[in-house]
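Here the chain labels run A, B, C, D, E and F in written order, and each chain numbers its own residues starting at 1.
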Amino acid sequence: MPKKIVAFGEVMMRLQVPGYELLTQSNTLQYSFSGTGVNVASAMTKLGYNGYLVTKLPDNPIGDAAISFLQRLGIARDFISKGGKYVGMYFLENGFGQRASRVTYTNRLESSFNTAVISDFDMDLIAENADIIHFCGITLAMTEQVRENMKMLAKKVKEKGGLICFDCNYRPSLWDGGYTKARPHYEDMLQLADIVLMNEKDAIYILGMETKATSKEDQLKELIPRVAKKFNIQTIAGTHRAINSDNTHSLKGYMYKNDAFVFSKNISFSVYDRIGAGDAYTSGILHGELSGFPAEKTVQFAAAAGMLACTIVGDTPMSTETEILSTMAGNIEDIKR
Amino acid sequence: MPKKIVAFGEVMMRLQVPGYELLTQSNTLQYSFSGTGVNVASAMTKLGYNGYLVTKLPDNPIGDAAISFLQRLGIARDFISKGGKYVGMYFLENGFGQRASRVTYTNRLESSFNTAVISDFDMDLIAENADIIHFCGITLAMTEQVRENMKMLAKKVKEKGGLICFDCNYRPSLWDGGYTKARPHYEDMLQLADIVLMNEKDAIYILGMETKATSKEDQLKELIPRVAKKFNIQTIAGTHRAINSDNTHSLKGYMYKNDAFVFSKNISFSVYDRIGAGDAYTSGILHGELSGFPAEKTVQFAAAAGMLACTIVGDTPMSTETEILSTMAGNIEDIKR
Amino acid sequence: MPKKIVAFGEVMMRLQVPGYELLTQSNTLQYSFSGTGVNVASAMTKLGYNGYLVTKLPDNPIGDAAISFLQRLGIARDFISKGGKYVGMYFLENGFGQRASRVTYTNRLESSFNTAVISDFDMDLIAENADIIHFCGITLAMTEQVRENMKMLAKKVKEKGGLICFDCNYRPSLWDGGYTKARPHYEDMLQLADIVLMNEKDAIYILGMETKATSKEDQLKELIPRVAKKFNIQTIAGTHRAINSDNTHSLKGYMYKNDAFVFSKNISFSVYDRIGAGDAYTSGILHGELSGFPAEKTVQFAAAAGMLACTIVGDTPMSTETEILSTMAGNIEDIKR
Amino acid sequence: MPKKIVAFGEVMMRLQVPGYELLTQSNTLQYSFSGTGVNVASAMTKLGYNGYLVTKLPDNPIGDAAISFLQRLGIARDFISKGGKYVGMYFLENGFGQRASRVTYTNRLESSFNTAVISDFDMDLIAENADIIHFCGITLAMTEQVRENMKMLAKKVKEKGGLICFDCNYRPSLWDGGYTKARPHYEDMLQLADIVLMNEKDAIYILGMETKATSKEDQLKELIPRVAKKFNIQTIAGTHRAINSDNTHSLKGYMYKNDAFVFSKNISFSVYDRIGAGDAYTSGILHGELSGFPAEKTVQFAAAAGMLACTIVGDTPMSTETEILSTMAGNIEDIKR
Amino acid sequence: MPKKIVAFGEVMMRLQVPGYELLTQSNTLQYSFSGTGVNVASAMTKLGYNGYLVTKLPDNPIGDAAISFLQRLGIARDFISKGGKYVGMYFLENGFGQRASRVTYTNRLESSFNTAVISDFDMDLIAENADIIHFCGITLAMTEQVRENMKMLAKKVKEKGGLICFDCNYRPSLWDGGYTKARPHYEDMLQLADIVLMNEKDAIYILGMETKATSKEDQLKELIPRVAKKFNIQTIAGTHRAINSDNTHSLKGYMYKNDAFVFSKNISFSVYDRIGAGDAYTSGILHGELSGFPAEKTVQFAAAAGMLACTIVGDTPMSTETEILSTMAGNIEDIKR
Amino acid sequence: MPKKIVAFGEVMMRLQVPGYELLTQSNTLQYSFSGTGVNVASAMTKLGYNGYLVTKLPDNPIGDAAISFLQRLGIARDFISKGGKYVGMYFLENGFGQRASRVTYTNRLESSFNTAVISDFDMDLIAENADIIHFCGITLAMTEQVRENMKMLAKKVKEKGGLICFDCNYRPSLWDGGYTKARPHYEDMLQLADIVLMNEKDAIYILGMETKATSKEDQLKELIPRVAKKFNIQTIAGTHRAINSDNTHSLKGYMYKNDAFVFSKNISFSVYDRIGAGDAYTSGILHGELSGFPAEKTVQFAAAAGMLACTIVGDTPMSTETEILSTMAGNIEDIKR
């Protein structure tokens, strides 16, 4: 019986201009539904787990379309509440070469998820079932009510023995009060968390930690152990990413566990769709931990999962363990027949 | 120098599932931008006038796309204000046969237009330029601020000698307080209006008029003259519409002016896209009045314009005077070479 | 807890030329996955039940795509076995007016489902869970092994108290030996069945019953009671269908139960996609029976479900109870806002 | 060895707006290559003959695309000359209901075909091979040189014993000098022709014949025998067509041969693509004559071929003899499996 | 009040095979309308100016579509004349890697623009309004009448104090008589011009200047000052471009003004759509000059504008000043949220 | 009169997911028809020969579509037999960057071609007409009957003086018995062959030859002359290919003839569609040999043909001699106007 991986988060409708046209040039959009929770739950499904999403969607054709899409990804609808009025949306115009991709959001705070209250979710049932539950800093940025929902659910799962995974994922544009406003909420979540996704910037800016180290590697090595200690976190992982002058991307993953760091190779690769790569990395870490991989394998696996997610259409990772392991082995295959 | 026809209203983004799939089945949408004001301004442009829209759109890629789309329709951007955050949207799933089309709205009250204030518009400049200005009951349903903007603009145009056209267009789902809440605002607009689009239902339900007549034709003939008299309206026009069992639609137009009714023939026709047909009818009435058509010709022209709008993709009428007159002549042509 | 509706059957890949081009003219296909079992399980899901499919699909990208598609429809993957090599396929070219639609099959007998053996399915688990299980005469036509699988499963479900629904659905092109070969297998299934879909032609040709009645209505009224009696079947239902000269279709449903016939109105309607209408009718009968509808309502509901399925893209019915009841009320709506 | 059917004529590039958008609304076109000669040669190929086209196309990517398209239709490239600069083009916007389809031409007189000279074609080789050669009044309207090419080829084929088929197909917009200019050229072609497609209007307007009959049927019955006699034509055939108020079309075919008229039933049908129906009718007449069908069957076959061509995407008929005969039998089939 | 930038030139219909298929493989085209004048006027509109085009388009659906498209780009229709018969067209097949893109033209000399006469344009009105007017060597290559129109308009604008911008843009295939025929016309335009786009090859081949320098840089440095002096030109600018072995392109811009050269960095970048990059460079030069940028900034801005135009779908630049400045800063951004 | 190049082989239907989606994500496929024989025959047609295919296709809409597609490519239908039931198919999901493309086959052994018998082909007629006939190791892997058909045809052509070209093209997944089973059949074909496509791996694995050389170059230089001698083969050619870390591909061609090796440059290039590049190489060798090119030119021409095939959509090479020669010259062109 596969483990049950639950994610808590908003479902966004992604509306993408096909090809490389701008919204002012095109007349067509391709739509899908995603979000950090969707991406992690779906990625874990592809890796052999039972993926669940705790969310709320409107009882209208858009909500129905969202649920159909999630089911297509293999996510169970058991913990999806229906009601409210809207789905958050974002428009994506693909960049090319020196021209960056562009994301434009529509109203989000009035969405079904962001107006949900605690009674919308059967938190006890969820807590009884979740082997791992995943939360994300984007959700934390929404409203006081959403934060309350989130912390309550985290506590209930923790009480029942489920693992709490928290991805810091700080988005400056979403926090009106900036780091000062965000800090206590992040601290609350870190207190509860067993597995945390973050890097040195989160420690410095969100948690306000200080360091004299100047390179990001040194900052990481100094600060992450302090975070792990302070909040008593079992595993912390994350990535350093860069965009190269030839438009390829580079990714180097790390994991800190049992007082030790491991790093993946710094891998470079072509990118088709950048969004969701971080969630693929998260799913790789979770899978490694759940499978008892050695730390070196886990971090390499997570990095490969992140890379493959960049070659997949849409936000949501689609790769199986076999595919990720094959890519880790470093072969560039011709055609798989 | 063509006359300047100005419309005041919100620009909506229309997101349509192509073909006959449902949102749960498809992955593609076609988008355009419309709204009653857009439709009337554009239709008048096709009829040879200079069309303007008074609206507000966000300064982001969606707002830019909306402006490009309006310009494509021939609408001048001179009176379009930029700012605010969002564009109202609606999703359209095409019906087929016995299955009706379905419209799902997203948040609308937070749109740039619906959060605009009086200072967003250069009302004096607009008033100096408008030969006719068009308003719509949908706009009236939005917020207190929008109603204030609307009435202020109507007054300024009236003072400068422009004609006020008001389309009652009552949408029950948009008025929280129902007819009771709507009535005084409708009365304010009718006091200002020179040309009004409505029928007997509006008189009965919005204005609370009573009649013992039972057929809609008799109700119309009794109530419309009373409305014209009470509010001192020069011209009132409207339609009776029906959907036939073979999925064709029927339309019969009327116009009341100089104490007399004229009616168009009751025409039946196949429908490709129903939305916007009423705005085409309005534009036909305006064109007839501005051109000094005899009333019989005006109402027939307006009905033909409404019918042709149903054969055109999208909300917005695209037919020229020549095309409408040719259709009025009743020929079903084969192929125009 | 919704009832569990299980269907047993092959998943076919449907490859449809978009629009009205022929395969020799086009270069594009739209694909989906369907089959009588898929259609019934999915239709029941839309009506509020938990739908399951018992089938076998290959462990390759096409099998994965099929499962994703079934999940999108809301069908649970619990009883889907993986293995074998192929998926049966059919190509569909849409007809227009006097030109009929055309279906071309690829190899089917080598499909994963048609090469499955009893041990591929956990029949005991299925039998414990099925409130109703649905079988179809198309499946019966496949191979001796498939027939064996089918009868074994039917028996196990019956033993556990589940209802057996059997749709005769005789396809002449699939039976090498014709009616003679088919008859004993149909008789086996009818012995087990509680609810049967068929009409007088099945009684005459498959079961070899004789009648002197000449009209199909009279034949129906004479033969169906004899079938019900002979095989001790609780409910028999079916349709008479016709294509009218204006390319609309007509459908009249019947149900025979408790020694009495009820008939739906003979309804006429435009057709977008004919395939799957019969399965929608079946789902309507099942829903009426499970909901304790009066027989008149059940048969009318089933007919309306069949009609609506003809307005939906693809083989698979997508309508909810609300939508079907609204259509039964006979309103042709304009636009649902 | 199938008979060789040769057609002489221009290849036009057809650029069609998909769906029902106007050129001002869309951004996409579907292209194909057609023309009366293309349509007849291709239709005859589908009926089992070897189809050839005598034409000239530029030696550039558009000419290459045209040849590929003709080959796809089954037309042999043996008699296609390469050179010149351009291909004639036309844009097609589909009408809907009361809105007619619209065709817009680009430059045509500078096309490779219309600037070709006699030495561009190996007329002797063609004449040796053609069992039938088909000409069309559209070609006759082009230039003096084209007319010369056409008459020369007709003479050579006639000398070698091939049959000359001439379709009057008078297009007013193509003749600068009107009927007066056209008449002598039509007379030249009629002198050479064995099988002619025309109706009473051609006799009256092009040939200047007079009649006191008032109905088109009476005019036809009076004038066609006079034409046949005057020009010594073996077979004359044609159609009367009408568009009905429900947008269906009606077609009634006739054939005059051996001093007797036969008429097809007046058939009504839905139309997907009107262009090319006349060429399908021609191909039906030719096939009937070549197959020795009784006249009644020939004219009915031709009418059915014309009707089916209206259900096919594009200008070019695609139906086989089997399909046409099946349609003649009058069955509206459901789905051909 | 933004300055008015006017361009004089032909509007071409661009018909592009989507993706990487050849015309012989595809059946679909995407169309847009462009031309050097269109590109410059539109690019200036995006940079905040009022863009106008002086051209002539047919009064038919293709002309209407062209005007709609120009309006969508923000170009005013005030100076567009209607009449004539045709629009020039070109077909574009995208190259990939070592396979070059391919352009095939249709008839151009019979277009509405190329058959226009002086009285088709209200030259006095244009001259009163143009702050800058842009001309191009492609237009100069058309017909004697076009050249006459062009020079007349240039003179009138110059008289009224507008600046004349002339882009040499010599296309060998368009000049029957080669450089000898072109030279006097180029000299006429250079006499009138204030801002000229050219490089050393134009000086050598068109103007027949001689130099002993061998590298293109040295030739440029020697010849451009001689050109500026001879024709009394205020500003001359241009680019050196190269295609690298990895299919990236390189671009280095220069500007000569006040007896001094400035050069941009030699930038390398991926290219999505090459056509129109030169026009973007021109618009960058014009914007820098009108904004009083230092020469170094102007040339760098123009180069960045040229680069960004290569990342945009279609011929026409779409970037704003903000976007170009951001690219100049050299950041490769990830995703703009 | 161009030489007649005949290929013997199966036609496969290629069903490709457009863009970079997976089968589980998309709902659309693009289809074409290909196969080694198709590719070689078509490539030779583009190079100026008359291309024929000996194959068998079902007499149904898919078979018709295949024939239309082959004709579009210029392949003559004279030697195509009709009958049997199915066409072999494969699904293609495009890879991106580190994610490889993926091919999934459907049933193949039951295809019309693979169930054909000798009497399905008019082998004597083919033998009389073939200047060269091409066979492929993929075909050899099918069934005993197919092998018999193939060897019989090869013998008949050889007797009539045609050249036999054999491409080893060993696909491990197709041979149940592996190299041991394949060897005698390969030896049979090599005995008959005049021109062979292979490299050192084929010699080692299929033919079981031994060598102490370790680099593939040395193995090639040792083994190919031994193969040529043993089987008395006039010309042997082939390639070494590699995928580079930046996803470009490299190709180096060789040809062994008259006891001497020639090698092409090792060229690197971007790849759009890898499938069919080997067939393009083959066609280049055949063209060089038939044209009497010096060996160095032949091998360089073949390599350039292979490279260009990778830039073309679909399996089938589309380049002309002019285009290949231009690419050989090494110019990266900008835009061909």
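Criterion: a contact is a pair of C-beta atoms (placed from the backbone, for glycine too) under 8 Å apart; a residue touches a chain by one contact, two chains touch by 3 or more.
The structure presented is a predicted model; accordingly, all values stated were derived computationally and were not measured.
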item	value
Interface residue identity across copies chain B, chain E - same or different by half	same
Chain at maximum distance from chain E, centres defined as averaged CA atoms	C
Reference chain F; chain at largest CA-centroid distance	B
Computed distance of Cα centres, chain E from chain D, in Å	45
CA centroid of chain E to CA centroid of chain F, Å	46
Chain centre separation (chain A, chain C; CA means) in Å	42
Set of chain C residues in contact with two or more other chains	22, 24-25, 27, 68, 72, 102
Footprint of chain B on chain E - complex, ascending	68-69, 71-74
Residue numbers on chain F that touch chain C, as the complex places them	15, 22-25, 27-32, 60-62, 64-65, 68, 85-87, 89, 91, 93, 102, 104, 106-107, 110
Chain C-touching residues of chain D, taken from the complex the two chains share	72, 269-272, 307-308, 310-314, 318, 323, 327, 332-337
Chain C - residues contacting chain D, complex	19-22, 24-25, 95-103, 105, 171, 173, 243, 245, 247, 274-275
